[in-house]
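Shared between the two complexes below is subunit A, which pairs with subunit B and subunit C, respectively.
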Partner chain A sequence: MRTRVFYLSTTVLLTIFLFGFAFQKTDNKTKQTPKVDNCLSCHKDIDDMPQGYSDYDVHRQAGLTCASCHGGDPSSTDQEAAMSPAKGYAGVPKRKDIPKFCGKCHSNIDYMRIYQPRIATDQVTQYYTSMHGKKLMAGDENVAECASCHTAHSIFPVKDPRATVYKLNIPSTCNKCHGNSELMKKYNLPSNQLEEYSKSVHGIALLKQNDLGAPACNDCHGNHGAMPPGITSISHVCGMCHSSNMEYFNATKMAKAFAEQDFHGCEQCHGNHGVQKPTDDMVGVGKNSKCVDCHDKGDVGYVAAEKIEAEIVQLKNNYDAATNKFLEVREKGMNDVDIGFLLQDAKQNLIQSRTLVHTFDPAKVVVKTKDGMNITNKAIMLSDKEISEYYTRRNGFAAATLAFLVIVIALYLKIKDKEKRKQA
Partner chain B sequence: MLKNIGSKIVSSIDERYDLTPVRNLLQHKKVPEHRHSVWYYMGGVTLFLFIVQLLTGILLLLYYRPGEDSAYESVRFIVTEVKFGWLIRNVHSWSANLLVLFAFVHMFSVFFSKAYQKPRELTWITGFIILVFSLAFGFSGYLLPWNELAFFATKVGTDIVGVVPVIGQPLKVLLRGGEDVTGATLSRFFGIHVAILPAIFTFFLALHLLFIQRQGMHEPEEFKNLPEEKKKYIPFFPDFALKDFLLWVVVFNVLIFLALYFPWELGNKADAFASAPKGIRPEWYFMFMFQSLKFLPAHILFIEGELLGVLFFGVAGLVWMMVPYIKIKHRSGWKFQPLTLIGIFVVIFIVIMTVLGYLL
Partner chain C sequence: MKINRRKFLNSILGIGGIGGILSIFYPIVSYLIPPKMAEPKVNSVKAGSTSDFAANSYKIVKFGRKPVILIKTVDNQYKALSASCTHLDCIVQYKSDTKQIWCACHNGIYDLNGRNISGPPPRPLEQYDVKIVKDEIVITKMG
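So, the complex of A and B:
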């Protein structure tokens, strides 16, 4: 009997729990997608829509309503009832409250996974670790919060080209504040980053060539947790893409010396926002050399820099010579297939030699440049062979034509002779 | 001394095999000389180019490997690595084109000089069959390098065969070795190009040459009407043969020139999944038919335009082959004979359509 009561009560409780759960879910959904959205219809009627409102906003497209963020009762046609605090109406959030306002949903994985199972929910946490977040918490309302970058009412997914945070749009989005010299002066920050970045190798790739693989501001500074990279983290930031360079650099004595003297890793030689495509004379002892900034004539680093530059320049010149020969072979319509493959290998060697500059060890660079020289020499040799074959063929044709001409003349004379004899 | 050795060899063969018929043929065969004699050489040049095809084809066979994974690679190997491979392949390609050109010139010269008339009806028919097989040689050989252009041109070409009612589809499948152009088509075309066609071609060529030897060269009407003393002949051997040989040497030199200065591009390897490249065209000798089919509307009186075109060319080809048996009465008021007018129209049609094919 006792067991029966136990089973019965358990079943009843379980049923109530499941029903409750099911109702709660349904309730949740109906809350998001009410049949009538009186907020929108009234505000449209009286032409009092939020600035920059878009019907294609990601939240609107997902079925969220004004009330989903601002609270209130969208089913009511009475303004006071609809916008009553008793119905949860929160109105327009204050700037300092915006991160938490968005975080109500965006920090809640149970809620967010309904829309995107893999979405991150740590944006608000990260934000409060950023310089923007810290200053906002301290009461500075000039710094960026969620809506500063994402907008409030025309938010699009990050991969949508209409989004302010789409890769190609990020530099101009950050520049809205960071390009404002008046505003930046308060923080003792420069305001020409976009100008510098646009001329840099990264900026040209992203903004002119639309290469989405090139880094935008957030790739180095982070997005929600945005901070200027610290001295120790610079080589890691660059190393996210330039991994071999980072690995070689970090293994050198120079890396330690840099750290001791508070030098900015990669930035020390390459700069930051305005980073240019490196040239071979950045190493060496010439006027564009970065090595002579620290190394004096005669010291070990000076000698190493001189040797490394000489090796790379020699390979580069040989590679250019081989490329010119290859183009001549191609222009002459001869077989350029193998030469093309060799040049690909040689280019690989040249790139690797340049990367090995970051070991600051001439012996390591020489291993690669030597390989590269052997390959380019082979390409030049093959090209010469093809070019010589080109002329051999033409000379052969000239000789054959001469031989044929002799035969033709001989035949012609023989025919004429026969005709003459016949007439005689 | 060489002459002595030569005559000794000939007399030793003569003693055993009796060379009288050969000697008679060489001594007695005569070629008429008149203002249109130059056309007699066209057939000879075509024959010479066929010999070039045969020899270069055999040489190419030493390195060519049919197959989806090897055809393109082997042709690339031939033109890049094999000594004189580039020359042999380019001469083979150029000679194929010149062969068709000279075959056409030869055919029209025979047509306009009325050499096909009795008793040479079968010489004409075998000649026409040889021309058709030359075109088949061209079509099958075009695919063998297995490059992009050839692949898609073969696709289009075999699609046209599929248009023919009843037998079209099965014939298309038979030609392709399946529903699509694949490695099976390549193997098939290779077999057709190097075994089936040469066997049939050689048979009809032998017949064609035999008929010419039996009947001698055709004499044009105005030549026949000349008084005997004004008729000029030259012996076939050695006079005509020497002139023939002279022309062959010139043609061979031109052939090497073309092979060296205008080599045939190999292009990219065929890829069934790639989109068709721009400018897919058939070989120039199919262009007039291809262009005509393109001009036809989708439907002509409930019949598909393309089908009507294919049937028209089929019937026109048959009628052209049977020309020796077509008699149209020539009325005294007419300046030109009706068949000559038709011939002129055919030449103009082929030329205009071919030119349009390249311009449009």
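So, the complex of A and C:
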């Protein structure tokens, strides 16, 4: 009897649990993906689709419908009933309301967890801290809101190359507004950032070499919380990637002096959107030197700049000479493997000595350049040995050929001699 | 001393003969004692004995023309990865204090699976297989 009761109660409980689970699932599904979507079918029939609509939009693909964002009753075939405010129809949101409109779901952790458990849900909060968000809140409807960057009906995940916010597409997405000189004039902003960026070391890496590791606009400015980096944050922004440079620079007296003078850290010497691959003559006292912008002949900084440049240029020249020798060794088909490894070490010293420029201390730079010089000299020595070995082999081959030639001639003459004696 | 034609020819033949024999034997001897030359294509290299390699340390091994970083982790696991930083080709190092792979040039950091986790490196480090054959560490190309 007891066993029967146990089995019966377990079966009832299990049934209730399974039904409950099934209903809950069905409830969620029906809420998000109604079987009938009359909004879409009617709008398609009357050819009144929103601009840029894509069936591959991430929301559409996740099973959301027009009503999921715009409200209304998609099951009704009656236009009035389907688009009735009583059924929650919100229509097309006004620009100023768009962040909140998207935020209905995107700020709801519980809701987003169903579709994208890893997605952040603070985008709207961040947006309102951005320059775009602040201005939109103040009533300026020219600034970017969610749809300006993500589009309204062709939204794709950020890692999808079709997305307007895919890394390679970000510069042109931002440029839609920031390249509009008329619009930017209102905010006293330049409109040539993309042009400058495209020619920069970062822009070439990203846009020409498709190197996704290179920074796009949002890597320095942020995305939802986009702001121009302030004076205090510039070296931190650049330092996210160029951390050694930031560390060296921040430990110098110059960092303090820069702050006092309101100089923009890295940007002061390297520029911002148009940042170029640094050249060795950016230090020193030549016409391209950045040091002489502030330092005068004879002062400590001037002398240090001169010394640092001389050291780096000397190592660079020696490295180039060693590289040429290495190429000659390779061209001659000799053993270049060890020389290659030495050159890799030398290059490392050259790069580190260039990074150490940010200490503005010639003594620290000299330590690296001295190591680099020793390594490049060793590489040159090894290359010379290999080149000399090549000529030894070649001369040996010439001598051997000569020896065989002599034998052949001597044999010929000897045979002739023997024939002559036989005839005699 | 008067040298007649026959003597002269014999001398030339002798000298040429010696030269010819040397020309034949020198390459043979050179072949038996080959010059230091790297193999054109390397698929595996021996990286020393396991007993000579302390835990939480590393060494750089030449894998043909490429440097490979071989790491023995604190729990005695072996990891072999390309030692060329994916940023500017500097040789990376293992930091025994942070248990990470570090590039001294621009402070690029990778985890022990070679994933670029901080700094400018744009890509992960290429991974190599490590096998232990009779107490000897053998690094091979993956796949």
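To be clear about the criterion, the second predicted complex is superposed on the first by the 373 of 424 C-alpha atoms of A that agree within 3 Å, B and C clash if a C-alpha of one lies under 4 Å from a C-alpha of the other, contacts with A are read in each partner's own complex, and residues count from 1 in each chain.
Methods note: a residue touches a chain if its C-beta (ideal position, glycine included) is under 8 Å from a C-beta of that chain, and two chains touch if they have at least 3 such contacts.
Here the structure is a predicted model, which is why all the values come from computation and not from measurement.
Peer 1: Now for A:Ile415: first (subunit B), second (subunit C), both, or neither, which partner does it touch?
Peer 2: The answer is first: A:Ile415 touches subunit B but not subunit C.
Peer 1: Considering only touches as defined above, state whether A:Ile109 meets subunit B (first), subunit C (second), both or neither.
Peer 2: In the superposition, A:Ile109 touches no partner, neither subunit B nor subunit C.
Peer 1: Which partner reaches more residues of subunit A, subunit B or subunit C?
Peer 2: Counted on subunit A, the partner with more touching residues turns out to be C.
Peer 1: May I ask you to decide whether A:Ala259 touches subunit B, subunit C, both, or neither, giving the answer as first, second, both or neither?
Peer 2: After superposition on chain A, A:Ala259 lies in contact with neither partner.
Peer 1: Output check: A:Phe404 vs subunit B and subunit C. Expected answer is one of first, second, both, neither. What do you get?
Peer 2: Both: A:Phe404 reaches subunit B and subunit C.
Peer 1: Just subunit B (first), just subunit C (second), both, or neither: which does A:Arg394 touch?
Peer 2: In the superposition, A:Arg394 contacts subunit B only.
Peer 1: Contact-wise, after the overlay, does A:Val337 reach subunit B, subunit C, both or neither (first, second, both, neither)?
Peer 2: A:Val337 contacts both subunit B and subunit C.
Peer 1: Output check: A:Met137 vs subunit B and subunit C. Expected answer is one of first, second, both, neither. What do you get?
Peer 2: neither
Peer 1: Please report the subunit A residues shared by its interface with subunit B and its interface with subunit C.
Peer 2: The answer is residues 335, 337, 400, 404, 407, 411, 414 of subunit A.
Peer 1: So in the complex, which bits of subunit A are touching subunit C?
Peer 2: Against subunit C, the touching part of subunit A is residues 211-214, 241-245, 247, 335, 337, 340-341, 344-345, 347-348, 351-352, 355, 389, 396, 399-400, 402-407, 409-411, 413-414, 417.
Peer 1: Where on subunit A does subunit B make contact in their complex?
Peer 2: Where subunit A meets subunit B, its residues are 333, 335, 337, 393-394, 397, 400-401, 404, 407-408, 411-412, 414-415, 418.
Peer 1: Give the list of subunit B residues in touch with subunit A in this complex.
Peer 2: Contacts found on subunit B: 76, 79-80, 87, 238-239, 242-243, 245-246, 249-250, 252-253, 256-257, 260, 263.
Peer 1: Spell out the residues on subunit C that touch subunit A in their complex, using ranges where they run on.
Peer 2: 5-6, 9-10, 12-13, 15-20, 22-23, 26, 35-38, 62, 64-65, 67, 84, 86, 88-91, 104-107, 116, 118-123
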